[in-house]
């Protein structure tokens, strides 16, 4: 039996606040979204698929959040460098797949430490990024 | 571009109500849980990992909900029949993996149609089932 | 570019100290081992395959450490309950595979929080457990 | 039971020396790294994730080392030939995934035989390569 419980880097309440803020922005711009929040280990803390959002974006939103943890950056930062003439073209394959290398994933930072990340998917990359930023602002 | 959007069988609001009721029961019995809700297609609609719940139960809660859709029953109904001497021993392998064949997954039914399912994991199977039932009661 | 770096729950120095202590015990009992340490998110922090240890135990040692994080317990605690007549028979399938449900994985606990885990494999389960315990004692 | 043990092509001590030299260079240039060493069979011998290095680079460092064994070359040698207009574009897919086709993976050679390989990831490809070379120099 457990002698303790795994260190939580982001709480359920924080995850809900981030998701609710992101969902409010998604509603405001009229684009339903999949929204995921992961902890500092890249493990899912919460996910919501808004009514009308993509089924295919369930995993993309989760993987965007994961990618932000895995590479300690916004997923959009990986877009140029992973293109076919970029220095790390083939990054996702080299990792074993599942990486998202376009906007919509952003780390959640506190006191210089990445404590989790949000991933948003279904809209255009500009919309995904805007909604993710609204989530970050509520952290 | 799409001319419509995929039929929603369960709304975000319903999923949240189900999860909140399940989480309230989990809090009441003092056992944090992973709680997932999927739609009639078995696709994730919402997930919450309560503070202290298992990282390993993220996928199990989702897979319990999926399994309830996939076989139109409670996951506990599959326990006896999939045991070593049961008629469908090897079911998960036959499916390609991911099936949960112990309690904690229950369909969400309306007017005789399964519209979604809830999956709960981290506690004992009795606790998982009790919390899932609390979620179903709020649907 | 990163605005911070991911919270570290276990340091490289701690991981090395744990592995070195485990390896010393393995040498003492004359059984080379694969030894892995993961952080609180279940992600690999360090791994060593001692000379003569199993190639097949590379992933098993890593997965034992992961399983200890994922279920907040020693992997040996999962052995009875996942047997064919146990309440959660089929756990690994339900999780999506990769779980180790026999001794050799133990959480690394500090002040009531699981900060990481060690996984050991190649010997008998008694040897794996003994070596893992030696690693834990050095944490 | 075994009548012998699998031929070791690189010892734990050699792997540690290579990793320590690489880590020292990483510290010197101020860029924490994931560093992996594999044997002549491409199987992991040792891995260290330095504090601050990427979680996503765990598998990439391992896969860079594997790729160096798998194709008997530096991973950087595969970069040009696998680009969209290169002769073996699609190499990783053809292999079943996991290949790294950018710098940071280098074979460890003795008397004309590749005995193992090092893989380094988290920094720029120039940094990864520089740190890998420092590891090779200590072999």
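The first chain written gets the first letter, and so on, giving A, B, C and D; residue counts start at 1 in each chain.
Here is the rule we use: a contact is a pair of C-beta atoms (placed from the backbone, for glycine too) under 8 Å apart; a residue touches a chain by one contact, two chains touch by 3 or more.
A quick note: this is a predicted structure, and the numbers were derived from the prediction, not measured.
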Proportion of interface numbers common to chain B and chain C (over half same, under half different): different
Distance between chain centroids, defined by C-alpha means - chain A, chain D (Å): 29
Chain A and chain B: spacing of chain centres that average the CA atoms, whole Å: 24
Multi-chain contact sites of chain A, meaning residues that touch two or more partners: 5-6, 41-43, 69, 72
Chains grouped in pairs wherever the two touch, ordered by label: A-B, A-C, A-D, B-C, C-D
Chain C partner contacts - residues on chain D that touch it in the complex: 5-6, 8, 11-12, 15-16, 41, 43-52, 55, 58
Partner chain A, residues of chain D touching it in the complex: 54-57, 59-60, 63-64, 79, 82-84, 92-93, 97-102, 124-125
Contact set on chain A toward chain D in their complex: 41-42, 67, 69-72, 84-85, 87-91, 93-97, 99
In the complex with chain C, residue positions of chain A that touch it: 1-7, 9, 39-43, 69, 72-73, 77, 107, 109, 111-115
